[in-house]
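In what follows, chain A forms one complex with chain B and a second complex with chain C.
Coming up: the complex of A and B.
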């Protein structure tokens, strides 16, 4: 059993509204900008052609008309937007960033390895219904908008990314504020705070966090349990298909070495990936020697090594967002495999990627009393 | 007239037998070609040293999982191969390799190149569910009739460079109705003739069938025109560019699979392309909003500037794009117009210098005005 439970938060604010979730969040951001709590906000905005969404840092509130906090796709993982903006240091503007829980979790992981500066950024998440695979969305963007909206209304996850369908952390609060819609009575939503920064924002907005949020919490717990069961089953099935060298080789045999998965991964932050570096470039004699040993080698060799290596490098921080799978031109179930392995490696260290800024990444810390089973390894 | 060798065998068997003999007779140490690598039928370029392994080779399979020019560059990046190796590649892959050699990213020394007149390849994602395998007979029917196979890469549909320029051996495929029974290999170079010694066949003096190939080129040109007209109507001004490239997710897959993009660290992934928070803030103050990360269009146009002169129009970028931006058409169109300006065909001649590293006294006088 994974260590993640729904949420420990018990108090928050219940807000009445006539708006839908997207509109409510935008309204909240506008209010925060009016009161100068935020100088600017970072939200997904529909691109002019209408066929995608991109993170846009907005100061001019009129631009919020095309904003869609619950956009049907995740074109760029939000953590990449945050690190793109703050990797070189903190800015002067106070920014409210609205992102999905997995994007915030990746942001937390990147922060632990000094790839962001969150000092002037307030991270706001929401209960996430999942996102569609980009390729499905692109078949007909207008129609997809409606399909997504309907699916969200019906809490139907069948059209979502495969990893969204088995996401048991879709309401995990690891940013500063969280907007809850699960368990909310019609015409209301919840806001909860998860940090001092979150408390201060609410304070400045004059919203008290006094309401009981049990309805949200219970529903979150229900969703967690349902999804967690689904996740375990899915991982079990996948494990059967991918265990063993032959299965692994076959699974990744269609890989064309574009490394899109690495490039879009919010955790893979290296400027020059080891697997693109000189370390993996050999002389022709080396390649021929390798070929002679086996009679024939795939060229480039080491396709599996890349995937296994990348997995070793980032699996403790993998947030199962699914960006890798969306970007794979060969439809390899990369995200499903990585999320399956990530659950196991993280469990080993009682670690949940992106749960809290206060938990150090396991490999930079050490407990005197850990991993005894390794001692007996023969 | 070129020396040629006619072999009275089915093309698939004949070429595999030829490659096996090259290995067995010690003419080459390795064969670089497409090969089925598992029972599921995944196909990848492979380096083969054992003749029996060639049983699973599929040299002319209509798929380009990776532009082989990039792979041959990797093979010879640290110096030319000391042992002779023969590579079976498509014309645009060879041209990509030649362009890389001009950039000191590889070497032709001790490499024998076999290519063919090329019918084109299917998009790589059609290899995922076995669609290519199902289409094979239709593909070869079209090639035999010198027609454009349906569903091939858009870049291939409009490709007029289907005859290899610098191959040692060119296998004559397009418009050859009887390749199930016999095929001809043109021995373009002394190296080609040397290879041909290993196999029995009828030596001839022969060229490619100009009339058939000219007609085929006209069909390709018509397709190219259609593609260019479509992109012209969409790519108008800055707003047209924003519309086309707006959905880019920044994966840079196009750069990574491009046979011309060889930089170890792309300019657009370097510290020069990282912006400080203050630059975001000043932009947002100017414009009210700014896309994060910045520079989507800048990346695309920058790459276009960097590779345009050498773009071989292979279409690898199109295939890899997860959001279906018609990159190959755009790069081909812009590439060809730059190339025309310099009277340059990328990959045509390994000794012809890159236009941008040389200059002519009397060029671009219009710029002076």
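Coming up: the complex of A and C.
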């Protein structure tokens, strides 16, 4: 269970409603704004053209009607929105941010490396059914909306992105509040709190956290087990296809060096990526040398090195959100490969990215007694 | 100005010339860009060799120098001095180790030559990217922080003040004196412990150059040899006390192993099973007695308690156990004392004699699998003798001679100071023989039983050694040259993640809240490179080990 939740949550509130999940979340936000618990909310909103969704900071309650907490696609990773909003300071507005668990986990990672300031932000997640690949959605946005809604109703993940289909942390609570729909009786949903901040919000809203939430927990555990099994199998298959230099080269040879995967990645937070810097630009004499040595050299060079370098840099914090794969114009299964590697590197340090703010990123910690399996064979 | 690189290959007598075809190396590198001159010499580190190099630099108007010779550990500094004397910046120089790394280890002459060529070419390419670095000199502080007010810390302090140094002595308990204040006598001379320690405390109290902080703990140690910034927190006081020193002596002593971890001895369960320190205190109080107030008629001393658990011999337990025999037989005339031991540790010129003089007053039982039970108010010792035969002995009192272990807060202190802990959690010395009291952090010394279980005499030797090292290296008026190969954080690349702050071993990186970037204090940075290795955005770099320098060197080496 520890992989699903930061801390085991046993109590929460069961709320009765006639509304669907999206509407319930909006109603909750409205109430919180009415009671001045939040001055504004950050939530996905469908763009006027109707063909995408964007994070919008809403201060005018009347605009909440356009919000789509359960948007069918993830066009911008929420952690990037939070970081963009608070990196230079917390500001003086209390903000409620509604995001998917993986977006909150990425936010937690960014907070550990000083790229956000969460002091005035309340992070609210929900049981995530997954999102569609952006390219699928764009084929016919109206039709896609219906397909998505329908799939969510039937708990069918086949239309979701490949990493969503194998996501075993889709109900992980690492923010302040979480809205649970799994295991809820018809016409109800759960709200649980994961922090003092969450408790205070509920207190101000007059909602007591005293209901038993075993039904939600049990269902979450079922989903976790099912998805986890699927994840392991999928990673095993993928590993067979990508292990070894030849397989790696084959997998990434389509790459056109656009670096979109890096640009949309919430964890890639460097001001200037090493692979965009002058450090990877060499004289033609150098390239000739290389061509002479290897017989030939591909241009632009270093595509595989870029992916491996990025993996080295961010896999310990990768939350398997899938943004990179959505952004790849060449349909390379980047997110699946990165999630596979991330699971293994994080396991090495007993670390789960974004699980808790209290777990320092492994890079900054040093233990004398660790990683013996990496030592030379005796 | 155009670049003119001079490349010189040292024959090192026959050392290099026999295994490396130097003419081939000269041929191979002569055509490289900007190489103005390539030559060989029989022994470049000799006075003639140095003179030759200096003249060559001047004659050819060289701007950069590459010397293919021996290990930089041996002669890098020598040739940097030559550069300085000849008027070029010593950092526009690169040494190549073709002796240890080619001539001495490669069997085949052709292979050794090929390797020497590659390494020399790599250095020539690297040196083109070198930048001149300027040496600095800073004043050093000659005051010393001594942590721990036991005999080790007191002795080090007294030695230092006798040479007019100022000492800050920090003791975590309410008074100085340490473990010795619990002992009536010391082995093997059986002289009163109080005479030794009280006299030392007296001289310490009378010296105005020693500032003693009791009830205090060191909270922060930043900086480096010659310039440490210290924060000490006194119990019951809000603000830490801050001062600067040039060196630190760690003398935090030891604890004894808790016999509760070896339940077979019944410690904590049976009243009259006591540990060695409790016995010392009881003896010092003047009355050796059982819990019920009666005088024990028979006492067993169990040796090596915790030895299996700790996995080392604590060195002094045999001797203090013999001292206990003396205490007992002197004070209780008809007492029967039995020692249960597995091996005796009696090294040196005086310990054997002490044993010979004591053994007549006690039984020595070589035993294993000792187990203690209680029967009719008496303690029963079950054991196997040397032959494996089971046996037992009934006694009134059992003293457990516990192993010596580091104090429980040793790890905390190790982290604060940046020292490493070695076997058993004791503070690690730099080298068992070559640096027995220095540590891997320059300017931090370790003495006494925080480094290893130790007798008082061995402790005194170490304390005096550390004081000697400090007195000869931190000299008033002498300036020290700080590292010039230091870190630099690029303002435009730093993204403010603070990763470097947490990995900096010397605490010299601070965060500029206004600009949201990290800033290195280059004056006190030691150039360890942790920040450069950890910085995800490539903002932190180490001078003289820049990306370009390393990349160019590698590219040439693998070409």
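Quick note on the criterion: the second predicted complex is superposed on the first by the 367 of 378 C-alpha atoms of A that agree within 3 Å, B and C clash if a C-alpha of one lies under 4 Å from a C-alpha of the other, contacts with A are read in each partner's own complex, and residues count from 1 in each chain.
What we mean here is this: a residue touches a chain if its C-beta (ideal position, glycine included) is under 8 Å from a C-beta of that chain, and two chains touch if they have at least 3 such contacts.
As the structure is a prediction and not an experimental result, all values here were calculated from the model.
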{"item": "Clash or fit (per the criteria above) of chain B with chain C on chain A", "value": "fit"}
{"item": "Which superposed partner A:364 touches (first chain B, second chain C, both, neither)", "value": "second"}
{"item": "Which of chain B and chain C A:143 touches, first, second, both or neither", "value": "neither"}
{"item": "Per-residue touch tally on chain A - higher for chain B or for chain C", "value": "B"}
{"item": "First (chain B), second (chain C), both or neither touched by A:236", "value": "neither"}
{"item": "Contacts of A:272 with chain B and chain C, given as first, second, both or neither", "value": "both"}
{"item": "Contacts of A:113 with chain B and chain C, given as first, second, both or neither", "value": "second"}
{"item": "Contacts of A:313 with chain B and chain C, given as first, second, both or neither", "value": "second"}
{"item": "Partner chain(s) touched by A:88 [first = chain B, second = chain C, both, neither]", "value": "both"}
{"item": "Arrangement angle, chain B at one end, chain C at the other, chain A at the vertex (C-alpha, nearest 10°)", "value": "100"}
{"item": "Touching partner for A:153 - first (chain B), second (chain C), both, neither", "value": "neither"}
{"item": "Three-chain overlay, closest Cα atoms of chain B and chain C, distance in Å", "value": "9"}
{"item": "Residues of chain A contacting chain B in one complex and chain C in the other", "value": "87-88, 271-272, 277"}
{"item": "Residues of chain A defined as touching chain B within the complex", "value": "40, 42, 45, 47-49, 51-52, 54-60, 62-63, 75-76, 80-81, 84-93, 117, 134-135, 138, 249-250, 253-254, 256-260, 263-264, 271-272, 276-278, 281-285, 287-288, 290-292, 295-300, 326-331"}
{"item": "Footprint of chain A on chain B - complex, ascending", "value": "29-30, 32, 35, 37-38, 40, 42, 44-50, 52-53, 65-66, 71, 74-83, 85, 124-125, 127-128, 239, 242-244, 246-247, 249-253, 256-257, 264-265, 269-271, 274-278, 280-281, 284-285, 287-294, 296, 319-324"}
{"item": "Parts of chain C lying in touch with chain A, wherever the complex brings them together", "value": "421, 492-499, 502-503, 516, 534, 536-539, 547-548, 551, 555, 559"}
{"item": "Residue numbers on chain A that touch chain C, as the complex places them", "value": "87-88, 113-115, 269-272, 274, 277, 279, 286, 289, 293, 313, 360-361, 363-364, 368"}
